[in-house]
Each structure stands twice: as C-alpha cells, then as structure tokens.
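I've put the structures underneath this note.
Shared between the two complexes below is chain A, which pairs with chain B and chain C, respectively.
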Partner chain A sequence: MSGGHRQIVDPVTGYETTGHEWNGIRELNTPFPRFVIVVLLITVVISAVMWILLPAWPTGHGYTPGLLGLTQEGEAVQGFKAIADGRASWRSRFAGDDFASLASDEAVMGMAMPAAARLFADNCAACHRVGGTGGPGFPSLADQDWLWGGDPATVAETVSVGINSTDPDTRSSQMPAFGRDGILTREQISAVADYVLALSSGKADPASAGGKIFAENCAACHGEGGRGGLGTGAPSLADDQWIYGGTRADILTTLQNGRQGVMPSWKGRLAPADIHLLALYVSRLAKAAP
Partner chain B sequence: MIASLSIAQRRNGLAFALCLALLGLLMAAAAQHGPMVVHGAMALVLGIALTGALARAVYDPPPEAARASFYYDDPTRFGIAMTLIWAVVAMGVGVWVAALLYWPEATPAVPWTSFGRLRPVHTTGVIFGFGGNALIATSFYVLQRTSRARLADELSPWIVLLGFNLFCLWAVTGYLMGITQSKEYAEAEWYADLWLVVIWVVYFVLYIRTLARRAEPHIYVANWYYLAFILVVAILHIINNLALPVSFAGAKSVTIWSGVQDAMVQWWYGHNAVAFFLTAGFLGMLYYFLPVRSGRPIWSYRLSILSFWGITFFYIWVGSHHLHYTALPYWVQTLGMTFSIMLLVPSWASAGNAIATLNGAWHKVRDDATLRFMFVAAVFYGLSTFEGSFLAIRPVNSLSHYTDWTVGHVHSGTLGWVAMIVFGAIYTLVPQLSGRDQMAWPRAIEWHFWLAVTGTLVYVVSMWNAGITQGLMWRSYGPSGTLTYSFLQSLQAMAPYYLLRTIGGGMFLAGTLLCALNCSATARAATGEVAASDRPLLPMPVE
Partner chain C sequence: MLRLHYNLEKLSTGLVLGIIIAASIGGFVEIAPLFTIGETVERPADLRPQTPLELAGREIYMREGCYACHSQMVRSLADEIDRYGPYSRAGESAFDHPMLWGSKRTGPDLARVGGKYTDAWHVAHLTNPRAVVPASIMPAYPWLSEPLDTSGLGPELATMRRLGVPYTDAMIADAERDAEAQSQPDSDGAAGVKERYSEKIVVRDFDGSVARVTEMDALVAYIQSLGQLTAIAHDQPPADGE
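For the complex of A and B:
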C-alpha cells in the first residue's frame, strides 16, 4: 500500500503522523488538547444539572419532573397573570360601558389610549389603515362621516356584531346591483350616475331625469338629498368622501354590481373591555380629524 | 457520457431509460390532469431522450479497456455543472424573494410568483439542487481518490445524478404549480419522495461497492462523513415523508403523523437535514479538499474521531429545540436544549481541526483565494455552530424564535459555511478535471471570494439586527402594561434590514455567477491530460 505505515514527524508541529496515507493526505497523531476535553465535560455537567432541575428524561409512563417543579402550563399562567396585573390599575374600568365618564377621565384615558392604539393597529388597521384613514372598499374612521354613527356606544355595537357578518345580530347593508339584476336600464344608470356626481358638487337638479330616478330608487336609503341614512348604513353621497371611488366609472361600477361590504363581528375575538377601548379610540380618531 | 459505458451497461441503461419513460407515461395517464401530468411528461421526455441516445449506441464500439487505469470523473463533471446551474437559479430566486419582502407590492398577479410558492423553490433549489449535486459530485471524486480505486461501475453514477436532478426538478416545479406537503425542506409530494428513495439506494450501494474495492487499508475520514450523510439522510427522508396519497392518480398526500408528533418528526428531520445534509457531507468535503489544497496533514486524527462520533450521536437528539414553548412536552424540549449544548464541542473540534491544519500554510491562505474560501468556511462553521447551540437555550430562544435572527443563523451556515466550502472544492477540482494548473480566470476567484464574504456579512449582520430588533419590539411593555409596539410597527422597522439583505444576497449571487462562468471557461479550455499521480493504484476492471 502506498506510504505503508511509515510514521513521519511533521516539521511544523513536531507531531508524528498516524502512518496512514491517502493519495498524499496524511493525519497527525496529535493528542486531544486538554482544553477540548475540559470544555466537553463542562457542557455535559451543565446538561446534567439541567436534567436534575428541569423536566428531562422519559420514564415510560411519565418523565423526571425536575427539582424546580416547573411546567409549561405553570409558566404560561404566571406570564398571563403578570400581564393582567400590569394592566389591572386601569383596565377594569373598561369592563363597563359608561363611555362619558371614561372619556372625561384623562388619567385613565392616558393609560388606555396607547393600549387601544396597539389593538387598533393589530386588528383594524389591515383594512381601515393606520390612523383609520380607510381606503378603497373600507370607510375612513378619521372623519365626521359615519355609516352607522360615531358615538362610542354605536361604534362599540358595530365592532361587536359587524356588518354583513356571520353574527345573528349583524348590521346589514346591501346596495342592490341595479344594472346586473336589471332593476334599471343602461340609460337610467347613466343618468343617475350624473345626478350622483352633481350631488357631491352641490349642483344637483332634483327635477332632472337622473333626479327622478334617484328619488324613486336611491332616496329610500341614501335620503332625499343623498345625505345618507344612519339606520341603513348608506353613505352620504353629498360630500367628497367615497368608499368605492368617486369617478364616474367607479359610480357606474357600483350601480352595475352593487356593494355588500363586510366587517367581521369581533365579540368572539376581543374581550368586551377591548371593544370598549377601541370604541373610545375610534370616536377620538374622528374628533381629532379636521 | 455514453461512450464510456460498456455494451452491457448500455443495454441495462436502455432498460432503465425505457422504465423511466413508461413510469412517466403511467403517471400522466393515471392523473389525466394537474401537476402530476406535467411531472409524468417530464419523466417521459427524459426517458425517451435517454432511450434514443442509448439505443443508437448499443452497437457502437465498446470503450477502451485502458479506462480501468483512470478514475471515472465524467459524472463529477456533470454534477459540478448541475451544482452551478442550480446555484445560479436558486440563489437568483432567493434574491427575488428577498426583494419581495422589501417590495411586496411588486408581486405580479400570477399565482406561481407568490412568495409562498417561490420560497420553497429557493430552499429546495439551494439545499438539494446546489448542495445535493455538489455533495454527490465531490463524493464520487473524493471516494475514488481516497480509495485509490475507480467507481464500481459506470452506469449507477448516472442513475444517481440524473435521477436526483429529476427529483429536484419535480420538487420545484411542483411548488410553482401549487403542490406541497407543507413540511419545511420536505415539501416535495409523495411520488417524488418515493423516487428519491430508489435513487438514494442506488447511491448508497454504489458508494459501498466502491469502498469495498479500495486499495487503501483504512477508510479516510472524508468517507465516514459522506457515508453518514447518505445513510442518515435516507432514514430521515423515509420516516418524515411517510404519507398516504389521497389517490395514486393525484399529487396530494396526507402525512401519517399527526399533531405534535408530526411537528416533532418534522423537526427531527428538519434539524438533521442541517446536520447530515448540510454538515456531515460538507465536512467530508472539507476533510479532503483542505489538506489537499494546503498541502498539510490533518492536524489531529483523534479530534476527527471525537467530532465525527460526537456529531453523529448528539445531533440526532436536538431537533426539538425548534419547538420550544409549544405543545411539545417540556421534557423533550429540555433534552433538545441540553444535547444542543453538548453538541458545541464536537462541532468546534471540526472547525478547530480544520483551522489548526492550516498551521504552516498561512502564507497560502493569504495568497490563494481558493484555500481562503475553505478557511472562511471553517470559521463560519465554528461561528454558526456556536450560534446554534446558543439559540437552542430556551430563554434565548424565546427572544429569537419566529424572528429573522433564525434566517440570519441559517444563512451564516449556508452561505458562510456550506457554499464557501463548495466553492473551495470546485476551484480545486475543476482545473484538475480539466487537465490544467489553474482556473481559466484566476483573478476572478479573488473577486468571487470578496463578493461572497462581503455579501454573507451584509446578509447575516442585517438579519441579526432585524431579528433582535423584532424580538425586543415584540416583548416590550409600556407603563400601561400593554405592548409598546404593534406587529405592524415591528414590520415597518424591518425595511432597512430587508433592503440590506437583498443587497447582500445580490452580491453573493454575483459571485456565484462569476464562478459558473469561470468554470465553464475552464471546462472549455480543458486539455484532457491526467496527471500520473491521479490514477487508481491498480487497474480496476468494471464489475
């Protein structure tokens, strides 16, 4: 065999080779550095200590519980308790819905509103956007125009049951598909779209063809002057705020296909106190708006 | 390729190729629609192409008997080419998905370009396509040289390489078409998994048969690692992928594991994919190419034994550290954590052994970018194994888990260690297989080295920052006892790091592209000469 078992002393390190050789590769017979063995033993000792202190080895039907008696459930319960204790000073106030007294207590609101901002960012901002400014399909919460009402109690109800949601008490709001379902002809839709555009610029003529169609088909929900109806969730058409866009093309699309926007019901996902927090937060968003 | 096969091997190959074509036809016919038809068609096309090529060659003259006096390196050449192709494609997809995280709105409205489909294309492409081909190609090269024996036959290396690449292609095209097992690093569906088992058995048998023909009395340490890689990956792959197809005529399957057992099996697989796919095989590479390139003996034979058995024994236990603070029982988490801690010394023994081997060759590290690739690989191996043991400690993990720190840790291992050692190996063996003293563009290696090192550091440092920032933002409480930051704010804080990560990845990709072009230029300028010392000890007739 090549190289045979000739042991050679390596001139750089002074160690002998093992005598093995593979196509020119040799190995030194360097002994274990003491340091390596010591550190290996240290890691084993650290592990053994952990096995004694913590749940570690299976024993068939159970496991060694460890001297510290720690469990994951215990750690979790303790963690949740610590969180609850940290909020206890103000959060219990929000279990009830006396919004007026809560809103006037600046000390409590100072503690609560940063928490509400987190809740809003984690749960609401995905649709209504950071700051509640809304976007196509999702109404702005940072203005004075409300579909269902902007006082904290009404907002809390909307958050609780949702809109067109799966909750049995949901708020319902349907804009029919006037074009697709053949309720209005193409010409009628075109005329009423012009009327709606005129409404928002304040030049609408109720005696026009579009005005008459509006009065017969739209005013029931949107109101005589198109100012919206808080009981039906129909938005005002007489301002410059649009949920689904205010161009003529957008309005034609809305008239053709209808709109059935959905807001989920949150009462199964958020605690009542969280919903009350959010209601106050959202009503303040609107107040802060110009 | 075919000219080097004996007539009998051409006939056997013809039979295999026909079987592959039939398998493809059967898959396509059974499925009738959906991704399985596309995959069946791929197998059918490959099978027909191979059948045609082999059928034409059956009556050609047989290869020269003198070939028995040489190593069989054609499969290695092909494997290295596939390594580089997969590297460019999969790292390119990596940069793409990194950019998507910074510019999510740039996702085209086409299903296959969604992040969820592209991400496994990146991971499978780099781990299996790039890493796997590099491992198979270098294992054939190292096995022959450390055994001083030619591969046991000329047909099975081609079955292994072509079959493995078909698996990779099935896997990534499947993700793009929307099929996945939803198991990380094991996303490929059931028929691809079964196919890989067959290929892997052929690989294992070829390795053992060649090792049995060795002309050296001892088995070199690199071969222990390659064998551990082949054997353990087979076990992991089979157990984690046990699944029942919903129908034999469709791609969907359901795993036989359920609940927390499924999670445990998955991460036992997942972490040992790191251990035995991304570590053991590449340590085999290191143990061969480092002493060859530096001209130094391995510093300590004993340390190589300690680290081999240490890694083999401890690694198998540590997967549960991926499931800290989950439904997995506490005691399993403790075992995962403690075995991760005990794994540190065997891991560092390998890194230290590699670095100490360079004693007496530091001037070469300074002057030779190829050797510097291997040195940096050993340093990053030490760094990321320390980081791994550290992150496995439960309280540390509560900060780092689910953050980009994990992503940074993985890339310090894969870019810094795995890819660097592969490039060191490629720059050593490609000129040698081309009968040249050096690569066609020696200065490009230097450029590649600095692109790779800078890219890795930019990537890893930005992800460390990103991960620790996320972890701290997620656990920060304000005076009212509620979280200081919303999740959205922690996401917005990531923007600069995600941009830097994209830039770092882009630099690494540029280096890889340079390597691929350099290798292609070198292969085109091959002389066909084989050094007299680079031969089997005795002529070895084909079995």
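For the complex of A and C:
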C-alpha cells in the first residue's frame, strides 16, 4: 500500500481513491448515490410517522395503538361488512320465507342466483356435485324425485336441520341392516332383492314370496308398491332412480348393511337468508332438469 | 453521518461492536414479545383437548403431508371471513403441538371444515377424491383403510401433557381404549369417552365399518373436530347482521 494517509483524488471522476494501489492502478472510492441515501432517509421518516399513526411499539403488556386506531381484525370485519352491505339490497329480501313472490321476482332472482351458485359450489357441490346431479350415496337434486319434498320451503327446512344429522330437530331416515342384524335370512333377502328389481321394471308380483316379505318389512316406509313415502325419506323403488345403485349386488348390499345417509345441518353455518337462497336455487335446478 | 460510518468501517473493533449493537436491537425486538405470549394468546375457557382418536388422526394428517396443501388458518381478511367463516384466533391452536396452520393452499382451508361434510363423504373423498369431486387434483389415500395402530397413544398423551395440554391421568391410562370406543358408538367404552372429554365430541362409526378401527376412522374424526374444539371458532363476526 502506498499513500495510506494521503487522500488522492482521481482527476477524471473527481472521486477520492481508497489509497490502495496495484501496479499503478488505484481503486476509486465511489460515494453511495445521493438518490439512494435520500430515499433511505425518506423511508426512515415514513416509519417514524407510521409509529405514531399505526400500532407499533410494545409496552410490556400492551402496545401503542396508534392515532388511527387500526387493527387487523377491525379491518377484516369492516371489510366483511362492506362485502355484506354490497349484497344487502337483494339479500335482505331472502331473510323472509315468502318463496313464491321471491321466485317470481326476476329482477331480484337475477341478482341473487349467481351468488347462490357460488354458495352451492362451496357448500353443497362436494356431495351433490356441480349442477346438483348427485352421485353414489348422494341424491340428485336436478330431477323431480324428492325424498322430503322439493318445494323451496321444504328444501330450506331440510338444509336447515339436515338428515340424520347432529341437530336435535334433524330429519331422520334409517334403513335397517336386514342382513347384518338378522332381521331377514339370506334367502328372504335374495327374494326381496328380486322383488325390488321387479318393482323398478314394473313387473312386480305382490303375491310372490319376495312381495310378501316386502309388504311385511319394507312397505311401512317405502309404501305399498314401493313408491316411497314423503316424510319418511324412503325413496321410491318403483322407478329407475337409485341413490346407492340399482344392480342386484347394490340392492343386496343395501339390504345387508342398511343405509343411514347423512346430510349435515346447515343452520349453524349458513345464515337463514343463505339457506332460503339455496332452497330457491335447488328448486330451479330441479325445474331446469329434463 | 456518512463520514462517521466511513471512519467506523476502518476500525475493526468499533465495527464489530457496532454490528453487535445493531443485531442486538433486532434480536430484542423479535424475542422480547415472546415473553408475554402467555398474555397475548388467550386460551378459550371451553377449549377441549383432542381425543386419542382425533390425536391419532392428527398424526396421520401430518404423516400424509396434508398440511403441505391445506392450511388450517382463516386469515383476518374480509374475503376469507366471507368464504370460510370467522377468522382463526391464536387460542384455538393452544393445544396443537406442533400447530398445523400451514402456509400454502393448493386445497381449501380446513380450519372450519369440521361438521361441514358427512363422514361418508370424507371416506369416499379420501379413498378417491375424483369419485366425489371430478375436478379434484388431490391424491387418493386408499391405504387409510388399514387398521389403526393405537399402541403409542398413551405415551403420546403423556407427552402432550408435558407440553401443556390438560390430559388427566385417566385420559392417559385409557387412551387406547378411548381411541377404539370413539369409533364404536355401541361399545361399553363409548360413554366413558364423552365423560372424559366432552359431551360435544362426536362418537360415531366414522368409516362405515364398526368392527375395525382404521386410520380412516382416526383421520375423519380429526377432520370433523377441526373448528369444533371451542365455541370461539364459530362465533359469527359482528358484521354478519343475522
């Protein structure tokens, strides 16, 4: 090193050098750009202002709340309120349960149905599928077959209390395990499965062995002729619609182990207006179906 | 000020001291609040510890890496409240060791999913997600139908107690039996589980086969407990207006 204590100024740039020299080449000591330093100082000033305006400093058991009094929770709830207010103009209409006048009010339904579709997708479609077509174990909503009734008020009640749910007012529907619990023998189950298949194709003979077993064990819920019974949740067996599958093997499984399909109760999770909205949405799904 | 720094750079001892002071301030600001964390995180009075079966499900949740795609935290943002419900409070996770908040959502948040879907749906969905949600990209977990190994649950509850979860001696002693009884509603032990934990816990045959206690039972029991351990998880925010 040469010239350690003497500041040598580079004649071309006007900058000082570090004093280091290698074979006549000196290292420039270029100062930090003034712009960056100014920006840095501005950020320091901004942070000082924010310390005063926003929650900032811990004070042992608390913190300085800031002059604006903002909290993250407050902001979130405020923002959610703004979202809710944006919907209030049409959503408040759904707080009541006058489904007939709502359904005929195309203006309000036009605004509400896109939101209902989102609600359905988020809450119902997991089981009932997008479009409500259902799947094995989960009934289709996009048809005219109903277990508990398809008018909006009944659908709203079903959504609200659920089926075989944990709600005290739940709708309850239990198909017993005829095989597992030893209510019927294997031969009887086989006979009644044949009878159920015959019911579905419209060729059932009530005088047959299976027919008699059906009358004694099944008709209480599924009705004479297996047309199902609204209010018990027992599906019609005299059509080609099946919840748990319509092959002989499926029917035998159902008879053997029973079925206790569950629909959760939604009244703790969805507001009444949302439930009414969904009920109208579902009744439209059914109407749109062929 | 810049000149001061320029001179400091040339004094190695002074520079080291300066670095230590600056880093200490940063460290203090980060660490000091942790000493008051007990006051910051309010443990809800009604928070119940997880049952042995739910805890076993939690282990499976971690083993299968569910947390890599599912978070368990509704953030305090308006859109999150709108979609998932009330935002998560720290106290809800007071008994979680480790917490499973997650940081990435390939799938939806699960903090409020308990009770939203049925057991049968969860079983079908975990066995093959495409069977119920055709567009799902979630992997299938068919091996969850294997029997559940309950042998480690007693010691695990004891470990949790050392971490601050209020498990009683009776809970630890009966852990294995409780895990089986919770999925066998008609068994003798079923009443004991409710008695020891809470009337609100779900005693059900989760996977549809009463005879065997499977990993599926445990995982579904755990999923159904998410957001159900304390009432603050589903208290509606004041702005809901309902």
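We adopt the following convention: the second predicted complex is superposed on the first by the 230 of 290 C-alpha atoms of A that agree within 3 Å, B and C clash if a C-alpha of one lies under 4 Å from a C-alpha of the other, contacts with A are read in each partner's own complex, and residues count from 1 in each chain.
As a convention for this text, contacts are C-beta pairs under 8 Å (C-beta built on N, C-alpha and C of every residue); 3 or more make two chains touch, one makes a residue touch a chain.
If you're wondering where the values come from, they're calculated on a predicted model, not measured in any experiment.
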item: Which of chain B and chain C A:Gly135 touches, first, second, both or neither; value: second
item: First (chain B), second (chain C), both or neither touched by A:Pro264; value: second
item: Which superposed partner A:Ala288 touches (first chain B, second chain C, both, neither); value: neither
item: Partner chain(s) touched by A:Gly60 [first = chain B, second = chain C, both, neither]; value: second
item: Contacts of A:Val45 with chain B and chain C, given as first, second, both or neither; value: neither
item: Which of chain B and chain C A:Ala273 touches, first, second, both or neither; value: second
item: Which superposed partner A:Gly86 touches (first chain B, second chain C, both, neither); value: first
item: Chain A residues touched by each partner, larger count belonging to chain B or chain C; value: B
item: First, second, both or neither for A:Thr13, with chain B first and chain C second; value: first
item: Contacts of A:Phe32 with chain B and chain C, given as first, second, both or neither; value: both
item: Common ground on chain A, meaning residues reached by chain C in one complex and by chain B in the other; value: 31-32, 58, 72, 83, 88, 122, 125
item: Residues of chain A defined as touching chain B within the complex; value: 1-2, 10, 12-13, 17-18, 20, 22-33, 36, 39-40, 43-44, 46-47, 50-51, 54-58, 63-64, 66, 70-72, 83, 85-91, 111-112, 114-115, 117-118, 121-122, 125, 130
item: Chain C partner contacts - residues on chain A that touch it in the complex; value: 31-32, 37, 58, 60-61, 72-73, 75-84, 88, 95, 122-123, 125-127, 129, 135-138, 166, 261-264, 268-269, 271-273
item: Contact set on chain C toward chain A in their complex; value: 2, 32-33, 36, 39, 75-83, 85, 87, 115-121, 124-125, 131-134, 202, 234, 237-242
item: Contact footprint of chain A on chain B as seen in their complex; value: 145-146, 148, 215-218, 220-221, 288, 291-292, 296-304, 306, 310, 325, 329-331, 334-335, 337-339, 341-342, 344-346, 348-349, 352, 356, 359-360, 477-489, 533, 537
